[in-house]
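Two complexes are shown next, each including subunit A; its partner changes from subunit B in the first to subunit C in the second.
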Partner chain A sequence: MTKHLIGLGVLLAVGMAYPAIFPNNLTIAISVLLFAGWATSWDLLGGWNGQVSLGHASFVGLGAYFVAIGEGQFGLAPWWTMAMAAAVAAVLAYFWGWLTFSLRGPYFSLSTIAVAEILRLVAINEEWLSGGATGVFIATLPEPFGIDLFSRTAQFYMALAFATVVIATVIVISRVRFGYQLRAVREDEDSAMAAGIDPTATKLKAFMLSAALTSIGGGIYGIVLAFIEPHVIFALLLSVQIALTAIIGGRGTIWGPAVGAIVLIGAGEMFRTTFAEANMLIYGILILVVVLFVPRGIVGELARRHIRRLYAKRAQG
Partner chain B sequence: MAGLDIFLQNIANGVLMGGVYALIGIGLTLVFGVMRTINFAHGDFVVLGMYSAVLFNALLGWDPYLSLLLAMPIGFFAGVIVERFILSRVIDAPPESALLATLGISLIIGNAILLTFGGEPRSVQVSYASSTFSIAGVNVSMVLLLAGIATVIMIAALYALLNRTEVGRAIRGTAENRLGAELVGIDTRRIHSIVFGLGVMLAVMAGVTLIPLLFATPTNTGAVFTLKAFVVTVLGGLGNVGAAIAGGILLGVVEVLGASYFMSEYREAYGLIAFLLILLFRPEGLLGRTVKRV
Partner chain C sequence: MPNVLRADGITVKFGGVTAVNNVGLSLGSGEILGLIGPNGAGKTTLFNAVTGFAPMHSGRIALLDRDITALPAFKRTRLGFGRTFQTERPFEELTVLENVLVAAFLTAKRRSEAERLAMSVLEQVGLADRAHQPALDLNLARRRRLELAKALAVKPKVIFLDEIMAGLNPPALREMIAFVGSLSAQGLAVLMVEHIMEAIIELSDHVIVLASGEKIAEGTPQQVTSNERVIEAYLGTD
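What follows is the complex of A and B.
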């Protein structure tokens, strides 16, 4: 655990210096950091706990809308609205999970799509709440300590803090009792139950934590976008993108989702001119490659090879 | 009696829309019943069918229904190829591998269409697109009726194939017990290919049938159709071909009635809510007999 935390600290230090070195490439770095954070949050439930959710865009949307509406209608600062969004996301996840966790495997994934679609319809149709299909605009933001939150540099540091906190959370969880419970439930619910673990309670906790973290990233995303449209932020494709980022990077590994974010956003940027808006083609091809040839994902496969090499060395004496 | 008239019109619309939904749902439920794989790319194959009708119309000037002659066999072989090269490799992996593979196929099809045809909606103009006729005061759309007839023919054909032919027996055997089927000499790999081919063929057929009615757009419609197909099949009972009709009609009626008597902007949501309720309280579907919790 300390090794991973030190690694995270080093990365954080490098990240702090990034805006000074590449002041013109901040937007893409923000994307990478947000997706790293979201995919890592998703992985708490999808990787460590084995429940593949295809509805996480709901929480991104929730965070973004809370920040936009809180600022626009109630004059609340983003940090308060993000905290509120996280609490509401956790409550929502509680009821969502309470409804759907009795379903296993593909049925759970399908029900998450259905719930997310219903939320999207609510966001589009309840104009008094969400500004309707046209969306909401963030016109003003407070300036804490004279920092302009609309500047890309400030947004970069927010995204960096978000990704760091999420990864640190996963590092800690991977080594505490709760983390072992998560994995036990993933491997075999019945055996976990026999060992005294309540699978539904474990899944609910993972879902609530995952949802709360995702919605905080959603709040930062709202500030970055400054204009929030329901069909963009509640899109099934965003949910799919978050899930695939984690799976391609390596499910149930600490660094996998972050690596996935770097690879996928990087590849998307590289092929942006070739594929234009057909950017998700890369996700489709990569997920096929992962499913067929590297089912553990990038980091999972590297870890497996590393462990095998260690064993080989030990066997040779 | 105006209230009754409106009610009958709503029921008629719901049933006709339901026929279309059923047509989309059958392929998905057939594939699930035999391969135990939920095909996330199903809706994208429907969209592919729509674009094939657009293409044949643009190149050869064919009526959409004529292009079924070419589109259906092409769909079948496309399905066989996808199964052979992709799905057959993950059949013994954990169940979500197949789900993720079909998700990948879905993204590839949707975005490949987007690259080829561009993002603007496409359709085929036919003279009968908006023609209706009335039976006992109830207006019936020509295109929806044709789609409904196509559904009935397709289900009858599938029923005959499954129950009256040797291949059908092998398919049923594989669906019931793959290992047992192999023990009595059925080549289940071949059966899987055939079944996935049939599933894609049905999806393509649904797409071609729908093109006079709906616009085809590359990425979003695919996901919408996949979701509709899931809802239809879960309402009826996953893996049960006949029940897809009931599920489709139920979805059509629920959507139309919900939209006309409650809030019309939540039309899509009514089907989803029904879907969640069925998943929670009767996961085997309304008509499902065996309780198989996956």
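What follows is the complex of A and C.
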């Protein structure tokens, strides 16, 4: 655990210095950090608990809309609306999980697609609230301690804080009882029950925590975008990107989703400037490579080799 | 002797097929109950019904005089059931120690406490030197012992062993028999489904024989092995 906390410290230190060193590359860094945070949140449920969600854009969207509507219509500061969004996301996850977790197999994954779709339709049709299909602007924001939240630097630090908090949460969870319950349920539900674990309750807790954390990143994303359109924020593509980031980086590992974010966003950015629309092609190729050669993901494969080497050394010594 | 476990009138039906028909059993602390019968007799089904892993059609189950019939499997575990699975089911991505840790966390809230409990159970079953090995890499005999360790780490009052002797070579079998004997000597109630008669005869205080879902005989190992209906069920008649 200490080495992970040191890793997190390094990330934080590099992050603090980043805006001063690369003032012109803040937008891509914000994307990497947001995706790192989302994919790590996703992974609490999808990797550690084995319940693959293809609807995490729902929670991103909830966060973004809460911040935008809260500010525009009720004059509520983003920190309040993010907290509200987290609570609502957790409640939504609870009800959705309660409906679907008793089904084994792919039903949960398939059903999650519907959540984002429902929210998208609500956002399009409830124009009085969400601005409808045209979307909603964030025109003004409070300035806590004189900080301009519209500045890229401030947004970068918010994204950095988000990613750090989420990764720290997972570092702690990986060590404690809840973390082992998550993994036990993923590996074998019957065997988990034989250890006194309630599989449905475990999945619900993981889903609620994952959803709440994701929505906080969604609130930051709303501020970054400043203009929220339902078909973008609730897009299946976004849900799939979040899931893929974690899968390619390494499901059920602490650093996998963050590494996945660097690889995917980095590659996406590099190839977008050179190949324009070839973006999706890159995703396709990366998925193929991972599925064929590193099914555990980048960090997953490295971690496994490391564990085996350690064991071999011990067994010899 | 007071009953730790008592089951009455257990009936399990799969569609129109009655897999277990009106079977009862009781078990005191330190007692070993052997459940035997030909293949397809309903042993594992009865075992699963009592532990809560298969739905029952009718019947009642009590643990220390508390009715637990309506409780799901994980709650039965929390009240004092420990079980193994016939085909071992380790958490494959976890190490041996972590596998046992999952079960140890049932009673130990803190990790240090859970690790101590898990290590002591691993020492008990002779897997302490394998603690940091991935569970996936264990051979059959060691996987069996890991199953046992997981069942023991929940600190059960009754332990259910589903064919843990099957497929073991003679020295491993002797070790396992001695180990199960030591569990009952510590006061644990043991219910075991077993095909290995050597183990049944040596260990059981009491044996129940199932055939086609019915209890056809019950008594001491000597009584049931000389029972004509039992011999008939196993060997058939002319």
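The rule is simple: the second predicted complex is superposed on the first by the 306 of 317 C-alpha atoms of A that agree within 3 Å, B and C clash if a C-alpha of one lies under 4 Å from a C-alpha of the other, contacts with A are read in each partner's own complex, and residues count from 1 in each chain.
Note that a residue touches a chain if its C-beta (ideal position, glycine included) is under 8 Å from a C-beta of that chain, and two chains touch if they have at least 3 such contacts.
Please read all numbers here as calculations on a predicted model, not as lab measurements.
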Touching partner for A:148 - first (subunit B), second (subunit C), both, neither: neither
Which of subunit B and subunit C A:177 touches, first, second, both or neither: second
Residue contacts with subunit A in the superposition, subunit B compared against subunit C: B
Partner chain(s) touched by A:240 [first = subunit B, second = subunit C, both, neither]: first
Touched partner set for A:187, first subunit B, second subunit C, both or neither: second
Touching partner for A:295 - first (subunit B), second (subunit C), both, neither: first
Which superposed partner A:113 touches (first subunit B, second subunit C, both, neither): first
Residues of subunit A contacting subunit B in one complex and subunit C in the other: none
In the complex with subunit B, residue positions of subunit A that touch it: 52, 99-100, 102-107, 109-111, 113-115, 117-118, 121, 124-125, 236-237, 240, 244, 247, 275-281, 283-288, 290-292, 295
Contact footprint of subunit A on subunit B as seen in their complex: 38, 86, 89-90, 93, 95-97, 99-101, 103-108, 110-112, 114-115, 119, 219, 223, 227, 230-231, 234, 263, 265-266, 268-269, 272-273, 275-276, 279-280, 283, 293-294
Contact footprint of subunit C on subunit A as seen in their complex: 175-177, 180-181, 183-184, 186-188, 190-199, 252, 307-308, 310-311, 314-315
Contacting residues of subunit C [partner subunit A, same complex]: 51-53, 72-75, 77-78, 82-83, 85, 89-95, 98, 101-103, 105-106, 109, 111, 114, 132-134, 150-151, 153-154
